[in-house]
Amino acid sequence: MAYACLVRSVVTFTCPDGPGIVHSVTGAVVLLDGNILESQQYSSPDTGRFFMRFEVEHDTARDSLHTALKDVARRYHGEVTTDEAGRLVRTMILGSKAPHCVSALLSHARVGSLPITVPLVLANHDDLAPLAQFYGVPFESRPIDGDDAKAAFEQRVREVISQQDIELVVLARYMRIVSPELCDELAGRLINIHHSFLPGFKGADPYAQAHARGVKLIGATAHFVTADLDEGPIIAQRVTPVTHARSVQQMREIGRDIEAVTLTSAVKLWAEHRILLDGVRTVIFD
Amino acid sequence: MAYACLVRSVVTFTCPDGPGIVHSVTGAVVLLDGNILESQQYSSPDTGRFFMRFEVEHDTARDSLHTALKDVARRYHGEVTTDEAGRLVRTMILGSKAPHCVSALLSHARVGSLPITVPLVLANHDDLAPLAQFYGVPFESRPIDGDDAKAAFEQRVREVISQQDIELVVLARYMRIVSPELCDELAGRLINIHHSFLPGFKGADPYAQAHARGVKLIGATAHFVTADLDEGPIIAQRVTPVTHARSVQQMREIGRDIEAVTLTSAVKLWAEHRILLDGVRTVIFD
Amino acid sequence: MAYACLVRSVVTFTCPDGPGIVHSVTGAVVLLDGNILESQQYSSPDTGRFFMRFEVEHDTARDSLHTALKDVARRYHGEVTTDEAGRLVRTMILGSKAPHCVSALLSHARVGSLPITVPLVLANHDDLAPLAQFYGVPFESRPIDGDDAKAAFEQRVREVISQQDIELVVLARYMRIVSPELCDELAGRLINIHHSFLPGFKGADPYAQAHARGVKLIGATAHFVTADLDEGPIIAQRVTPVTHARSVQQMREIGRDIEAVTLTSAVKLWAEHRILLDGVRTVIFD
Amino acid sequence: MAYACLVRSVVTFTCPDGPGIVHSVTGAVVLLDGNILESQQYSSPDTGRFFMRFEVEHDTARDSLHTALKDVARRYHGEVTTDEAGRLVRTMILGSKAPHCVSALLSHARVGSLPITVPLVLANHDDLAPLAQFYGVPFESRPIDGDDAKAAFEQRVREVISQQDIELVVLARYMRIVSPELCDELAGRLINIHHSFLPGFKGADPYAQAHARGVKLIGATAHFVTADLDEGPIIAQRVTPVTHARSVQQMREIGRDIEAVTLTSAVKLWAEHRILLDGVRTVIFD
């Protein structure tokens, strides 16, 4: 058997579209005796960009693979990322009082169906402390009771990101607006769950709005956060039917379940490098 | 057997909520030796109104049933409707060029899964003539090329309603804004299909908007038409998942299917007296 | 205000179908000055039985309501149950090693969206002990390593039911066949989650079977347990799409989520008295 | 612009899995100055086979492309198909009395959302003649009232296939068992719609079976036909929720809609070369 010490890597590759890209990319892989196991690609007619994600088995160091692909990327004015397949992504969760999304993330991480590790749950209330403790995850709470406190909270977010090598920040019903500066700093790695499906009902208490409007479906949207509130690129959306007989309270309960499922699926897509950005749209290689 | 000549009726009953209503309503049915076969009720906490729909077998004339229930309704300051179960509702379809919704309505009517009869398909183009002909349904087209023409078109709608005893008017991708006056005249019996789910994308070419926004779900909403465009009470909503790889054109195709299914289901609910109005919301007794 | 001390009760009523039942039932409620808030009924053409569920507000003792309805039930050779609306149902959970269903039940009970209280989680392994501890729920494990041990385990189930006034027993991935005797003793109050949709794949490792067969949907079924394995009355079913690219392992993960959601919804229906038995079918008043 | 006369082709490529395949395939495309627009691939861990489908723009004749790829296929002991993208696939429809599936296929073909052309609808009854006539499609009926008649009918199927260059045969509620011989002759190009989801209820009147069992979901399965009845590779499956209140007749109506949608989607996948066979499973490049 040729593979003395087999490594499995995940690669993403994007560049302006044109002929020969796949051949060049796979050529680099072939030269390293790599074997492509799963591959998806997409050419965007809207932006003229090419997107590719693949998983590859190889017996060389990942560095060699990265260097080889970097050369190809340079030739096509593109970008490449390589990572160890299945590596646990260092993820900070920002929460508030509601446990359902935090609980879903931590329990999926625990059973191994969500490849993240959580160095810290940071919240503006104490309520989630026992939940974090159950899952053996560090927890910290800092009240946000004014603009200064909010700035201090966000400063703490930056510190943790830096000290703990955080790659992804998840707003798990954090309920606060993130400052435009922090949104920009975390562009493409700050995910939020919106309690209703965008661009449906925006702003406060969407379930009350949905109930008042008499909708027959409610849902949730997971999206990247940008300074333009609730308008960041959409990652995942789910809906579930409701009837006239559902109260606002019941719609919130139904909403909690669908929020937890939708956010978890979006974080999983991110952690597996399945989300690529095509302007304001996402390419999802599911 | 007690029922010499068995009749099956559908009854709807609404009034301000309070104790004893169901007992009084069913009391009237019992006195006529009726047998309730299917019954649904709902008390709206929002408006304080009570809603009931039931199907009843009886061997008396429907007139007697109606008179008896009318007495109960008077006592509770409510309203009652009675109808023959399964009767074909006289429905006018307004169309334009797109065949998918008209085709769905006529084919379901033909096979007996949609209890309507269609005295006329009225359109502002000729395109749907052969489709109507295939189903043996009268067809008439009148161009709408100005404000006068539109007023004349709507006058023709009123004439047909009057001459043909039309009960329900369905906008099957009619693509024109109905005048506020006609909306008011047809309040509660004018149904539209909106090509996207409300209150999502409003106005022109929602699939292009949905595509640009990168949504992961598209859908359709069937609703009553009111003078307030696209804000009438919602009857039915459906969605289907889409990926980044779907072009605007493909999203339109997917949309066509979901529009046809959603509109057909809403018309069926209406024809079976399963839609009651609770302010701006619908109560659906499905 | 007339209601000095308002009580809200849930009532179910079933009997052979015939005229006048609803009038008689509601008459008893009217005599007690009760106000019916939500009501559903169904007449089964298959078995000729009548089913009704309603919620009622009254200022009398529940005993008076029950006695009055019992009289009506006697007249119609039927059965009646009355209960306090929202009362927490005493539920024993039987588990094994897999945490997902137990976790879903306990967390929904904790946040108040599932009206059960759990006096004991009883399992044949220790794995779930910390989970129960987190939710402050008593836990007990007893290995089952032979026929005698199984009989002893089931004897312990009977003891707990008796000592703790258990009303409902839930098999949350318990992975053992319940003896026909215990099935009979717990008829109508023993719920199982089947990992695949019935009557699809029965027996061992259904996800492997589903994968081998190349299905495009997988799902879960919550059902009452009867001595006839996997053939008890179906309570709830859900499915989710899968593609050829899903491995057996991934299908199991997807399956875990859908099992947890489906079982939780079935237990909620039971705890709210929304499930009535119509022969081998269930009537669900959702 | 380099492309004097631009051609768009669809290519499928399968072979035993191994390193370098994609590089070789795309190399052949690059040599012809082709530009890959959409590409999907899959390596089956079950069978060890590699599957690829892509669409390519090129200005050479399709023959040159096919020849070049054929060389690559030979090297990898694989198989290749090339076709003009969007070409209408010559499809024969076999029907009986029920119109819903035939109607869905013909109307989607008419509006251009299903790339097939239908040289003949062949049925064992006259009922569908006007439907075919409306869509301008030749129709022929031959009664099947015995074994000899069935053999003659199938002989006619063979004749039409040969004379009309039929590529795909669709059983649109044909309601007859196809002989094992004809199944074998048409392996991989004979599609059926099964009224219920496999491997759920097999055999006669599945809706009656589903109703008797009290299922909460009904659905449909489109699959390739093999001599092993209802066990051919699954192409597409859909379900829809039903309640206890649905009669067998209503379940059949709901089923008709879902059958038509599911069959149409399967035929579209086939016509676009999106279905590849991986043993008894299908790989769907959607």
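Each chain gets a letter, A, B, C and D, in the order it is written, and its residues are counted from 1.
Note that contacts are C-beta pairs under 8 Å (C-beta built on N, C-alpha and C of every residue); 3 or more make two chains touch, one makes a residue touch a chain.
Given the structure is predicted, the values throughout are model-derived calculations rather than measurements.
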Between B-D and A-B, the pair joined by more C-beta contacts = A-B
So how far apart, in whole Å, are chain B and chain D when each is placed at the average of its C-alpha atoms?
-> 36
Euclidean distance of C-alpha centroids - chain A vs chain B, Å | 42
Two or more other chains in contact with one residue: find those residues in chain B.
-> 38, 42, 245
Arrangement of touching chains [line / ring / star / complete / other] = complete
Per the touch rule above, chain A residues touching chain D in the complex are 18-20, 22-23, 26-27, 29-30, 33-43
Chain D-touching residues of chain C, taken from the complex the two chains share = 42, 44-45, 197-201, 212-217, 219, 233-239, 243-245, 247, 278, 280-284, 286
Can you check the complex and tell me which residues of chain A touch chain C?
-> 38, 99-100, 103, 107, 111, 113, 130, 134, 245, 253, 256-257, 261
